[in-house]
Amino acid sequence: MRDESQPALEAVSQNGSSAVATARPLPTNLAVKCPNCRELLVAKDLEKNVKVCQRCGHHFKLSAWERIQLLTDPDTFKEFAEELRSADPLSFVDRTTSYARSVADKRAKTGLEDAAVVGRARVDGLPVVLAVFDFNFIGGSMGSVVGEKLTRAIEMGERERTPVIIVSASGGARMQEGMYSLMQMAKTSAALGRLAEAGVPYISVLTDPTTGGVSASFAFLGDVILAEPGALIGFAGPRVIEQAIHQRLPADANTSEFVLAHGMIDAVVHRRDLRAELARLLRLYRAAETVAH
Amino acid sequence: MRDESQPALEAVSQNGSSAVATARPLPTNLAVKCPNCRELLVAKDLEKNVKVCQRCGHHFKLSAWERIQLLTDPDTFKEFAEELRSADPLSFVDRTTSYARSVADKRAKTGLEDAAVVGRARVDGLPVVLAVFDFNFIGGSMGSVVGEKLTRAIEMGERERTPVIIVSASGGARMQEGMYSLMQMAKTSAALGRLAEAGVPYISVLTDPTTGGVSASFAFLGDVILAEPGALIGFAGPRVIEQAIHQRLPADANTSEFVLAHGMIDAVVHRRDLRAELARLLRLYRAAETVAH
Amino acid sequence: MPYDLDFERPVAELERRIQTLQRRGERMRPDDRAQVATLEREVQRQTRELYRSLSPWQRVQVARHRHRPQTSDYIRLMCDDFFELHGDRRFGDDRSIMGGIASLDGRAIMLIGHQKGHDIKERQECNFGMPHPEGYRKALRLMTHAERFHMPVVTFIDTQGAFLGLEDEQRGQSQAIAENLLVMARLRTPIVATVIGEGGSGGALAIGVADSLLMLENTFYSVAAPEAAATILWRDASFAPDAAAAMKIGAPDLRDMGLCDALVPEPVGGAHRDHEMAAAHLKAALNEHLDELTRVPTAILLDRRYAKFRNIGVYARPVPATVD
Amino acid sequence: MPYDLDFERPVAELERRIQTLQRRGERMRPDDRAQVATLEREVQRQTRELYRSLSPWQRVQVARHRHRPQTSDYIRLMCDDFFELHGDRRFGDDRSIMGGIASLDGRAIMLIGHQKGHDIKERQECNFGMPHPEGYRKALRLMTHAERFHMPVVTFIDTQGAFLGLEDEQRGQSQAIAENLLVMARLRTPIVATVIGEGGSGGALAIGVADSLLMLENTFYSVAAPEAAATILWRDASFAPDAAAAMKIGAPDLRDMGLCDALVPEPVGGAHRDHEMAAAHLKAALNEHLDELTRVPTAILLDRRYAKFRNIGVYARPVPATVD
């Protein structure tokens, strides 16, 4: 898990003072500095452009609910497993705070119960089971709640023969739940194994960032794997690798484009096309399903 | 197919005149020059040392019958499909000779009917179906007869749940049978697909040389793949590659040791250990079979 | 599209005469117009004549024509949708083999084909249609994907052969091809392969183990490229035309030998003269074969496919092969 | 074998005194001998005491002890035969994971384990036990091989973690680990995994999805190496002992949490003090678990394995998970 203190959005108010923003809608009077091209963008325009920098195409992080809104038909998303809560199984006490307090903080700040939201929905009329990460919640890290939610989503897809889409944005496993977190990698992968045996499609969408235990489990197990442009994708982050091998990495290392070039994913898809591309895939799978059954 | 005119054994009689020898037992009064270290070896000693150079370990090519003698328990090899003969399906006329005449020549010279001999046998008491190539027969090339013999051997292994061993020594497909030859790659691979589904082991032994269509089909489909030291192994021979990429290759390119280092085979086994190593594997598979059935 | 092959020279000459006349534009006289019409009919007649009796070597040249439609052209012209998939999930994305999920008249198929490239840039990116091991492994991934979702596999063959390089040996060119042969032989979904241009050796067969093998009528399929065969047999690549003749590599030869299941007609003068018509013919043939194959229960399909390859080969004193 | 860990210093001091006395050789007096005997009993007593209550960080040090037996040692000491298999058939042969067909009291098994290496040369060849993607792909190949021939899979976990390098990213470290998790979860043959030293993160789990997870008693298994966890949590690797304690990574912790199915006893003072005895304990445990698992019909085995991982996780307001 890389719980980067770097905020999802670096917001600068028009009078020049800096403020950390969550990924929720910004006050319209703000300007936002693009972390890639340094352009000052009007927040309202940025929102309209699905949070993609109009100048350089940088994809800002989306919250789980923004992502759901982007991808699903209006009013079709029906959340489930929303009652699950972290239980602090190790009674984990940090050097400065406790896991319980961190979770409470993040809940208050994000309005989420944990780092993933799962539900049924429709995309261009076609039914899907959708799971979406939110990086704002402890770096999108996967503990027991996230693992359980994803597993229930995958099992629902299997049971109802409905395609599963998981949109990842995560630094990896959640340290504060120790081995329970690591084992969620096995748990979700096992569920995907049964989904594959049942011949139900699973589309994995990688967004910035997808690393660690999340990338090394369900995220890289998609029948089709898509990624948003410029996302950090890899087992380790570039800084970790640089420390390990004592070398500077090329600038494009561990980006979406890098993993595409190395044969690890199927396509890099611009955010504005993502919904249409998913719909196209879903229609093709549905055509295959119709013939087969 | 690389029908190298370079003979399998370069023999030099003791008075210094040169003679091309087949791989059959040499007159004991001959000395043989090792093509690797250039040492003059006494033919009788070389025979005793399973045709491995005493000085440098170079493995001379073996004829099919020498190989069968090396690997199987005495008097246990029972050949089958020995009645098959090339039929010259394309009425192939060479610029200098005809395919029919080439085959007749090779028959006379080698005493073989085609480039592979197949049969039932025992190795250290354990039953196997064994197929062995002879490079002296048109470069060990695979046409319809070789493909049919191998396929019958593999099918017999499947039917009788007996492990299959194929010892390759071949330049690839036989040009003179055109597409019939290419399709033997698919035919033998299809038979191996059924063998694998039946859970019957197939051990592939690569000897000098194993290239072209033989390497790109059954030879690289072994559950376990062994190779004799220093054998030429690869899709293309080094000279072909050098022509294609206009570069000199490293000296060890496309040797047994090279493909081992690149993860393509399981072990390089000295000829004197080959029979024992096969027996060891057969016993392990038999132990698994006993538990499973 | 100009007539630019050696053996088309008489037709090219007729074309030049037509062009000379047409260059007069408004100054063309009535009998000029009549002459143009006559010449155009003659072009048609001579083209038809030439292509009716292509020599083996002429067929090789047509099959390799640089304006011949490629996998990407057929996809564009035949499919109502195509979602390209990339990468072998192991090492790289080899553009000499392209593939993805396509919709063919509403039927979802996995479409995989060699791609040689059109302009020089694309040709380099596609390594001139000569795959590396990762290309075959991408194809393998797509085929098992198709099996999982009950999509028929449709492949287009158009390669001089697998690439021969040191890195290809290092990454297991032989292993990659061999594995594809085995997996295709046992894949639990229908497979239709079509030679759309060059069928070169193991590098072609690696996506060619199919229930139905179609060939466009002006294509060839050979155990080795004619140049390579000539080198192997006579140590001189310039005897390639002799090798092409001796090895009986043309589509009609293979149909006569029973190795090719159906010829797909090409427009007069070759597929490169009319991409749309070539694609229409191919699409019709594919639909016909897919209609039939998708009706066959999987177990029977696999037994038939096995028997098909099992029985290839001609030898004397044959004992009848039995397949259960 | 000298006592060389920090916390063993009191015992090391006793050993030094024994050695000083023994250096007198024939000049040793009767009361010297008596003292040696007393000291040796004291060494035993104190060692037992120390190892009975290892702190989390002490356990990490023992698990990483450079003289601890490794996969190759256990193979030599436990198996009546071992045929090593090499290579992933894709790219390379990664010596940080070794594997092959072994005979364990006459039972054929597929044995796969991390190998850190003994001397510096072997350690470099083994990349200090940190696998590249091709290591995981070799393990995958061997596991599907085992499935085909109905051999149980036995894995030994002993790694700091998967290697973190640019080339590993290029060749898909994440993909390789992920694929192993899925395939192991559905492999149609029994799997027993044992942590014999360090259980480091996803790089350990990639050969650890098993019907039975055993741990040698002085080992640990962690979502991240303690140093890495300390860096992630507090940006300071020197807090590794705190991370080790907070994350409850010791074998007894995991047994108490129900994540580890059985502890395998070690000789007094750790497995490194007596390789033979460590191997004997491990062999007995493996045989016990294999005896039981090989009796279970495959369909039930797979359902049980699924349920086992399905039910891992602790959360509030849980709705009972149902597995069919």
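Just so it is clear, A, B, C and D label the chains in written order, and each chain counts residues from 1 on its own.
Methods note: a contact is a pair of C-beta atoms (placed from the backbone, for glycine too) under 8 Å apart; a residue touches a chain by one contact, two chains touch by 3 or more.
Everything numeric here is computed off the predicted structure, so don't read it as measured data.
Visitor: If we define chain centres by averaging CA atoms, which chain lands farthest from subunit D? Would you check?
Guide: When every chain centre is compared against subunit D, the largest gap points to C.
Visitor: Please work out which of A-D and A-C is bridged by more C-beta pairs in contact, and write that pair.
Guide: Counting C-beta pairs in contact, A-D comes out ahead.
Visitor: Which whole number of Å gives the spacing of the CA centres of subunit A and subunit D?
Guide: 33
Visitor: State, to the nearest whole Å, the distance from the C-alpha centre of subunit A to the C-alpha centre of subunit C.
Guide: A distance of 42 Å separates the two centres.
Visitor: I'd like the Å distance between the centres of subunit A and subunit B, where a centre is the mean of that chain's Cα atoms.
Guide: Inter-chain centre distance comes to 54 Å.
Visitor: Give the residues of subunit D touching no fewer than two other chains, as numbers and ranges.
Guide: In subunit D, 89-91, 171-172, 175, 179 touch at least two other chains.
Visitor: What parts of subunit A, by residue number, touch at least two of the other chains?
Guide: Residue numbers touching two or more other chains: 196, 220, 262-264.
Visitor: Once you draw an edge for every pair of touching chains, what topology comes out, line, ring, star, complete or other?
Guide: other
Visitor: What chain pairs are in touch here?
Guide: Pairwise, the chains that meet the contact rule are A-C, A-D, B-C, B-D, C-D.
Visitor: Hey, which residues of subunit B end up touching subunit D in the complex?
Guide: 196, 199, 201, 220, 223-224, 260-267, 277, 280-281, 283-285, 287-289, 291-292
Visitor: Which of the residues in subunit C come into contact with subunit D in the complex?
Guide: It is residues 89-91, 133, 137, 171-172, 175, 179 of subunit C that touch subunit D.
Visitor: Which subunit C residues qualify as touching subunit B in the complex?
Guide: 162-166, 168-175, 177-179, 181-183, 185-186, 201-202, 205-206, 208-209, 221-224, 229, 232-234, 239, 242-243, 246-249, 254, 257, 259, 305-306, 309-310, 312-319, 321
Visitor: Which residues of subunit A touch subunit D in the complex?
Guide: Residues in contact with subunit D: 1-3, 81, 83-87, 89-90, 92-96, 144-145, 147-148, 151-152, 173, 175-187, 189-194, 196-197, 212-213, 215-221, 234-236, 240-241, 244-245, 247, 249-250, 253-254, 258-259, 262-264.
Visitor: Would you pull the subunit C residues touching subunit A in the complex into a rising list?
Guide: 81, 83-94, 101-103, 106-108, 134, 138, 145, 148-151, 294
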